[in-house]
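Each in structure tokens, the structures are laid out below.
Both complexes shown next keep subunit A, but they swap its partner, so subunit B is in the first and subunit C is in the second.
Right, the complex of A and B next:
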């Protein structure tokens, strides 16, 4: 289990994370909803070890990992934009984590081929990232992140730059792979629908404070999350259409 | 057609001086109004390869300085420019890097000469190397600023969270991405050292005779045949580097 206790982070006088505490059981996806600038990215970067917290502790299976460098945390941070290594082919991008761990070549070949099939990217294996579409790049970034089964995936609005159709396809792909590989993840998004679709657990973040909900219903009922507002909008649209039809 | 003409003009501009200096370097007794020297001999060239000649030492000294300055400034520039890119007051550090160029190299030489005198490095090869680094190193720092973009720094972080060590990230991500820039910087800083005159003369006290210093010396002595040979040697390594990097240099002509 990933356990975050009283994480505090400030940049000069501006508090970005205000004593954030949350627990994510293994194999579950915590959807964190929040608007731009609420501290979501800082939270993920702190968990990945890319930013040191001012206070608080991060534990995995009961052991503190505050002092563990990013490369040993086994927590992969996925940026908003799919950051692929531009000089490497799709195959080598996906194989990166395995090569870092000095996995035997035969195993690299079989795992990467299997992942390429999973991502439906077999025919693009030898292409360079600049020859792929946005959705394909994001799929490669996913494959590269989960191929060596890290402890935790930290996803920073990974589908924000995709069009609605590709976004929907990626959400389904993520859910399928998350279930298949039992992925533990923190999925940050500003999209209410995406949070509801992806998450097993739900949290809302505003001004550096994180609120964890007991259930999906509690998350939906809280006016701060905007779920009720969204529902009201769609209800009004539906109502207008049915009134016009009459 | 235009492209072909431009290539011919460019090639001629590079090759004609080589031809002229080659003829001059094998000439002897060239008096007005003769179009060509009256005698041709390989004596100057034989002198160069026979050992103990001033020109041979000059060539070796210039090569040591050029390679030393290029290697050190490219490596240090690559590392320090990253630190500056990550620094809180990035622009202040960059302003410092521009400082040697705001002053002219000669003024700079006057300013730092006392340091070299006190440390006993005046008139020594090591002193000239350090002196040339004062110009080449800030150049490399400024040159690599464009490389350390937000995207490259994020790629480095991505590599770390995928489990790669700093050395692995450097070898497999950063160096391959920076390869062409590293080559160009090496080439440029080599040329800075290769053609440097003011600082070399001032800090070297005229004792460290590089090829550039020798060309001026031979020209002052009206020794045109030695000056031609020295000029030819000066032009050769840059021309070879130019040839090696032709795909970058001649691209888009």
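Right, the complex of A and C next:
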């Protein structure tokens, strides 16, 4: 289980994370909803070890990992942009984490081929990142992140820059692979629908404070999350359409 | 009416494009091609003070003596060694002193040597590394050598130590700034975060991501700098070996001799060198395009 206790982070006088505490059981996805600038990215970067917290503790299976350097944390942060290595092929981009860990070549070949099949990118294996579409690049980044089965996957609005159709396909792909590999993840988004679709557990973040909900219903009932507002909007549209039909 | 106006404006655009291309050819390509043709004509005895009609004699003399091939081989050795040393140093500086380069302190220091002309750099190396130079005197005063004459030959030597050093010192700042610009443009700082996050250390990232990316992107510039050193004149003239002249020095030696019959040989060397460089450029750019 990933356990975060009273994480505090400030840049000069501006508090970005205000004593954030949350627990994510193994194999579950915590969807964190929040608007731009609420501290979501800072939270993920702090967990990944890319930013040091000012106070608080991060524990995995009961052991503190505050002092563990990012490359040994096994917590992969998936950036908003795919950030693929430009001179490496799709195959080599996906294989990167395995090669770093000196995995035997036969195992690298079979794991990457299998991942390429999962991502439906077999025919693009030898292409360079600049020959791929935005959705394909994001799939490669996703495959590269999960191929060595990290402890936790930290996703920072990974599908925000994609068009609606590709985004929907990516959400389904994420859900399928998350279930298959039992991925523990923090999925940050500003999209209510995406949060509801992806999460097993739900949290809302505003001004550096994180609220964790007991259930999906509690998350939906809280006016702050905007779920009720969204539902009311779609209900009114439906009502208008049915009135016009009559 | 509208269609006619559109056609006219398209024609005018095409016409101005053609004029611009012609102007470019006139200003950039024509002088080079003209010079090359004149040199070729001179080397074949078709023009010049002592021309006596078409002959291959000057080319035969140049090729038979082997002096051109020796000089070309020596120039390639100097250029290759200097560009390799400068590239390695510049890569090290741009990868391991990123913070200083970003904050400006190191980049300001790097701009300074860029302002030093090649002749001044040649003199500087001469002053430092001759047998009576500064380094030799310091070594003598520290009792590292029994006398100034025992100081090794580092200037006017057959290995071209002085030339290599001067060109390496001139190339390092330029290449460091080039690599630093590519580092930013290719987003290598963020890619390093990604790499670290995937479990790689800094050395692994440098070896597998940063260095290949920098070298691949900088390849055309490295090639051009290599050719610049290959054809360098001032530095090898000042501190190069008398027995092993680089190509430019060899050609000028032929031009400036009292024997006017040597001048066509100078032109033959120049033309052969130009053709070699053009061949090198075309092969290299084709290879670079294939791997792009």
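Everything below uses one rule, namely that the second predicted complex is superposed on the first by the 246 of 246 C-alpha atoms of A that agree within 3 Å, B and C clash if a C-alpha of one lies under 4 Å from a C-alpha of the other, contacts with A are read in each partner's own complex, and residues count from 1 in each chain.
By definition in this document, a contact is a pair of C-beta atoms (placed from the backbone, for glycine too) under 8 Å apart; a residue touches a chain by one contact, two chains touch by 3 or more.
Owing to the predicted nature of the structure, the values given are computational and were not obtained by experimental measurement.
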{"item": "Room on subunit A for both subunit B and subunit C (clash or fit)", "value": "clash"}
{"item": "Contacts of A:181 with subunit B and subunit C, given as first, second, both or neither", "value": "neither"}
{"item": "Subunit B versus subunit C as contact partner of A:101, first or second or both or neither", "value": "both"}
{"item": "Which of subunit B and subunit C A:70 touches, first, second, both or neither", "value": "both"}
{"item": "Shared subunit A surface residues [contacts with subunit B and with subunit C]", "value": "48, 50, 69-72, 74-77, 79, 83, 85-87, 96-97, 99-101, 144-145, 148"}
{"item": "Interface residues, subunit B side, partner subunit A - complex", "value": "151, 154-155, 157-165, 168, 172-173, 176-177"}
{"item": "Residues of subunit A that touch subunit C when the two form their complex", "value": "48, 50, 69-72, 74-77, 79, 83, 85-88, 96-97, 99-101, 144-145, 148"}
{"item": "Complex contact set, residues of subunit C against subunit A", "value": "186-187, 190-191, 193-201, 204, 208-209, 212-213, 216"}
{"item": "Subunit A residues touching subunit B - in the complex, by the definition given at the top", "value": "48-50, 69-77, 79, 83, 85-87, 96-97, 99-101, 144-145, 148, 154"}
